[in-house]
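In the two complexes that follow, chain A is the common piece, with chain B as its partner first and chain C second.
This part shows the complex of A and B:
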């Protein structure tokens, strides 16, 4: 059975995705809060685009915050699959998996696949709602597909850090306690306001935040249209983050396997 | 449930016992305070930093974003503290301790009052923390002087009471800690649909109308006035009326839902 990895990955991924769908309390906030912030900010800060130095001319604030809200929604739910993995460890399902002839890699891949699917679904739903409320996405389908791919891969990359923590600690509580870090990372970035208009140390940190380097090119695509350069920049940063996260996850999985023997 | 013919314990004693119990719990589990303190402190830092240039727009009446955002962070901290009542009641409901409290010879409002009083004490910590960070590290001004500071504490405490009643009503309805998620959504939405981050003149569309009738708008204005200028009765009065109205409304809601615990 160990040789048949693909069916195992499919089965375990199916289980992970079903598990997530059955817990709306874990993914609903990731839909609700970005929509609330977008609705509120597009009304509250609609005149902000007229401030001198605002980097985009003739743009609505809804268009401006669209990519940030999609990324925020995906990030808020990015630890869901890690939290489910920690639950498996807490309730000993992981031990049962480990005594079965299942491929060890499929345990990790299935959770990453679940994070990917979550990102795809979340981004698609959010973009659809934004479009229904009048958001204008320049570049049409290529830009929309790019945003969905960026969101899904970002969900995988941030989720992989959560998975590493879940494998290391085996605690849902610890995994969920990383949420404030994500919250801080989103707010101290160009997500809701351009870094060009931020001042002092706060602006300096926001400019160096890797999320800014993901959000800015995604935003340029949303406002100016699809560009391979912008897509490449976003994906490059995300893949760099993912390589670290997935590397840590593999290391923690190996450590857990050694401990389990 | 009923306490039968047993003599009633004086309500004030029950309220103080409730507050005391909550504070002991806070002392034993200090991590309970972390989100309630860290989140509003982060809000004042993040919103003052992110939206530093927003005060260039008409209606902000200040040249520093921190003067605008501190009141918003104080309100958030107070509202978070109000969640503490729901957290304590939810835990008690789940482990059955609340049933024992309910058969005690005391009035329901005394039990509710203890939980609310505990949250008021909790709220003082984030309010103070936000003010310290705003003045010491972010350069906030207070032209309203001591009266302005008093308005901040009055509004913050009032908001903690309102949110405590609101959250208790929700927890009494669902009888589980998980219902705090619903409470959070209602709390966040009602706070965001106000003049928390932008003056009414700068808000456009549907939100302009919603913020104009949202009573929290008046409370935030009352809280904020000392940061923008002198404290005036014309701003304080609507804030006090809004707080009083919301306290009565949410208090009645909590008392009605208290009966639901038996259902």
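This part shows the complex of A and C:
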């Protein structure tokens, strides 16, 4: 019998993605809420783009919020993969995996892969809907691909923190309890309003929020067109976040395994 | 050659609690070994150590010839495990789970399809194979769990309380499957259970565990006969009672019985019943009713621990 890691990763990723698809309640809110907010904000704040000091000229509010909504949608669903992992621990499916000769790394990689695929799917659907409603994405395909890659990697990086929590606690409830933090993190950022127009403590936090550092360059690409610099800045921040999250996940997986061997 | 399961002084503590306290185990090839004990006795902890899911605090164990601490990955290739709670993903179909299990064990894709079909047929789930497991009954889930543990034709099969929570019909069906498996493939089976009948029906040899220690070990019949002689009861007419009592007393000490009934502890054990019947017939005594009551495993458990197992005969 062969014991190849690659087929194991593919099969476990397939299972993760299948599990997610078969629970629409887990991914539908991540699609619905950003679209709802985009619709509300675009109608209510359409004149916000004319405020003095608004950093973008001749832009619709729909174009302005597009990258934020994509990132918000991906972040809202980023705990799905971790939540499914916690469910595996809760219902002992994890034990089934651990008593088989499966590569331990493939358990983690498959969950991160499903978070990536979730990000790709969510971003693609959201961009398509925005485009259908008249959003203009400067730079065309390179910008669209960049937004999808940014969204997918952001899903992996934020999902990896959830995976670390799942491995540490083995509890779906604890994983899902991190959702409000993500919610707050999105709103205290440049997602729906430029930081240039924010004042006081709110603006101070938003300027230091890593999500702002991801959203701003992504938004510049959406409005001004593709730029390697902006792509590099977004990806750099995401990879820095991911290195911490994935590192924590590996540590927690090792900690869980050391109890066995 | 080492037995498929050998453990020496195997122990596991959780803080100050000794869940498993220096147990020795030796299970022969092709044997069905029952590990009987109440909830919290240490059965599952022992299984988790033997299946590499939990590191022992002390002692050693070899499964399929390999040390569970030094060679866990080799052990995992050679064992099949059905855990206590039928750890099955309810969102997947039986077929999908079997195919996943084949990949985890490195089975080639082509032979996997055939193997999955065979296993679904073996456990009677061919029709339900493409249904999501969430729609399965408890018995179907357990049977699928058993099939999943068999994809790689393991040398040793661990079944941790395989029938807990099942209705009697499903329980009997699963027993039949375990028996067939052991007889057809010669798979060594390590079965934990809290059900006396299950251990009695399936296991050739039993270890009774209580408070983390093995308190009795042997075949069900030897354990039961060690507790005491079986009770033989006969009903005769009132006229035959004195002569029947004289005959019966030659075969064992009289025990309390109802009116028109004589009970003795049959010293020669169950095989001695023929001698008693012949002696009664030679004396011209007409027997109206006969009962032979063997000591149960619950009597064995009570003798060893001073307590009765839940559900056991009082």
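Just so we're on the same page, the second predicted complex is superposed on the first by the 257 of 261 C-alpha atoms of A that agree within 3 Å, B and C clash if a C-alpha of one lies under 4 Å from a C-alpha of the other, contacts with A are read in each partner's own complex, and residues count from 1 in each chain.
By our rule, a contact is a pair of C-beta atoms (placed from the backbone, for glycine too) under 8 Å apart; a residue touches a chain by one contact, two chains touch by 3 or more.
Remember, predicted model here, so these are calculated numbers, not experimental data.
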Contacts of A:56 with chain B and chain C, given as first, second, both or neither: neither
Chain B versus chain C as contact partner of A:45, first or second or both or neither: first
Which of chain B and chain C A:29 touches, first, second, both or neither: first
Partner chain in contact with A:8 - chain B first, chain C second, else both or neither: second
Those residues of chain A which chain B touches in one complex and chain C touches in the other: none
Complex contacts: residues of chain A adjacent to chain B: 25, 29, 32-33, 36-37, 39-40, 43-48, 50-53, 180, 183-184, 187-188, 192-193, 197-200, 202-203, 206
Chain A-facing residues of chain B, complex: 35, 38-39, 42, 45-46, 48-54, 56-58, 178, 181, 185, 188-189, 192-193, 197-198, 202-208
Of chain C, residues touching chain A in the complex: 51-55, 69, 72-73, 76-77, 79, 81, 83-85, 87-89, 91-92, 96, 99-101, 103-108, 132, 148, 152
Touching residues on chain A, where the partner in the complex is chain C: 1-4, 7-8, 11-12, 15, 18-19, 22-23, 88, 91-102, 258-261
